[in-house]
């Protein structure tokens, strides 16, 4: 079994908050991350797929294909956008990196499996000091 | 002459646009950076000051002092905020990194000179692929 | 299950040696790392905790809390100090990165479990060319 | 169980292609990576070994020994060379990073086991946007 | 005056040698960099242009335009190619990074000046341990 | 004129203090950096030399020669040592990065000039958040 990872990046605005909480309650739980006028990050996304390298061409999965899938399914929807208001797969979710990783997993898994590989991990770095990993 | 540089970081939302332009014109000039629902970045700021190291303690300027100045004058105002709507020194300016560097220079120079050093450069990285330098 | 990782840094002096060995024996086993007048590193520490994201706020664990725990239990004791002589949890241990990772695990696990999450991994980078991981 | 990782680097030329395929077929499957006049990369190699830290000296494995093994068995053969034509352990394999990781695993495992540790992972980064991991 | 820098990357094969020297002489002067079967690197290119930010839109130069120029004039010709045999602007030059920087300067300057900005610096990193800067 | 930069690294212990000051005074001026039991860093050193590339071989200066000079004159004396007590060229100087850069400049300049190049800059990074540059 070989694990192959592709890195992609997107810059997005977001805000952590619950509409059914008061501003005070949001500030208490989410701190400055709940600022009502938004803030944003350069997110780094690593997608790891696994499989056996093909006898024919020596790849687990063609990286050009993997890049195309991630770009169409994830990056084009998030990059230079607002995660809370513009992104269909984040609708109804609090915009934490945990929830973002779970949502991206949901977008990518069926398409990657159709290519004959297995999605292994979605990793998202929000700042140089914190990142999230989700293995399904 | 010795040059000493301090790195600080902030995460902010912004949008490049002119209120006196149509959405179409803004999109034509600023592209996806003018998305009306905002986007954001992890900005990295390097502030370089210059001077002679003191005979007494061997510093050009105490890094703790420099860090305190940058934090109070710049980071506390920008971090986890919206550059267009929340930041006094960006009022009336188009939110390009060029203009941000010029504005930060204006905030920092008088305070750093009061400490006996000279501000040499304000450098801002917006993404890993582009940065701005301003030398006054 | 979601894995969340926080990065912190500390700069410390250390020396690898055994007091019950001669200088020659220490030099033979530990090489230049046993230099009697000490040397030091910028250590990078990644602490990974795991759990289910809360339905209420979407976090596995509040990063502000995790940062506070790591700072109080580990960074404040190691940063700008001598790992061999100043750090209670390293007393009686040879100052290898392996032993440091095990000791930090012991400091962090009970506090993190009290917060309802599980400690998954302590990773320490000593130089850009080597790092240690401990999973308990 | 402790995991210890050593990073090494090598710069090599390569080309992905099959001699039994036409240029058109190679271009279709491998794209620009099959350019007949070669291209190259700065590869980064991480070798992770695992074991219990010794009671005597606190190491899983002496890093100087690990570095020496990786240098002699892998780096000296690949660095500033052509992966397709110059490297004995790549003979007969398509020069994908997947196959390179499997081949390096084969070179390192017996030597590392002779030192009393276990080889855990061979990770190779080809560019900042993609890497391969192999766990045997 | 504002300085704006764009980073781009390319992976290329090369070999340092002079055809009018013997293999021994080439090996003596260029060492392993003259290996006849080629080697390669992930080159990082930083292009810095300077100018006054426009009153109209706040840019020194639109980064999308700068990226397009660098891609067409430099990256498309070098990426996944052999610097010695495939690249018109390197013909007749020894393939050192010094000569590459001078050649890239020659390709970029006229096109950037036509856009109303000034080319300030071409910087090329060959490995993480060495880079070249050329200011014309 | 071409500028060529070589990166080297060393790990050293140090302490900022003046023997003619009380512990209280040292703590007041140098803070935790004056801890009497030492601390340390992974220092990164960039040495930039400048000159015209040779017509004969296309180099400003052979990087192997530059690396050898930096290693012998600087790295071998500082790496895995105590900057205050073990390093001849730091004797009598307060161990600030400013003073270290000036001292390294003094060690390197004559040797580099003997090779026909000019020393342009000594840059030292102490942590990822601060660095010093000295241009003579």
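A, B, C, D, E and F label the chains in the order they appear, each numbered from 1.
Criterion: a contact is a pair of C-beta atoms (placed from the backbone, for glycine too) under 8 Å apart; a residue touches a chain by one contact, two chains touch by 3 or more.
What you are looking at is a predicted structure, and each value in this text was computed from that prediction instead of being measured.
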Exercise. Any chains in contact with both subunit C and subunit F?
Worked result: none
For this session: Name, by label, each chain that touches both members of the pair subunit C and subunit D.
Result: A
For this session: Can you spot which option in C-D, A-B or A-D is basically C-F again, with over half of the contact pairs the same by residue number?
Result: A-B
For this session: Note the rotational component of the Cα superposition from subunit A to subunit D, reported as an angle of 0 to 180 degrees in steps of 5.
Result: 120
Problem set entry | Winner on C-beta contact pairs when D-E is weighed against B-E | D-E
Problem set entry | Interface sides of subunit B and subunit F: same vs different residues, half threshold | different
Exercise. So, what's the distance in Å between the C-alpha centres of subunit F and subunit D?
Worked result: 34
For this session: Give, as an integer number of Å, the spacing between the C-alpha centres of subunit F and subunit A.
Result: 42
Exercise. So what's the Cα centroid distance for subunit E and subunit F, whole Å?
Worked result: 29
For this session: Give me the residues of subunit B that touch two or more other chains.
Result: 128
For this session: Select the category (line, ring, star, complete, other) that matches the graph of chains linked by touching.
Result: other
Problem set entry | All pairs of touching chains, each written as two labels joined by a dash | A-B, A-C, A-D, B-E, B-F, C-D, C-F, D-E, E-F
Exercise. Can you list the subunit B residues touching subunit A in their complex?
Worked result: 9, 11-14, 32-33, 35, 37-42, 79-82, 85-86, 127-128
Problem set entry | For the subunit C and subunit A complex, residues of the former touching the latter | 1-8, 48, 53, 57-60, 62-64
Problem set entry | Residues of subunit A touching subunit C in the complex | 16, 18, 29-31, 93-99, 101-102, 128-135
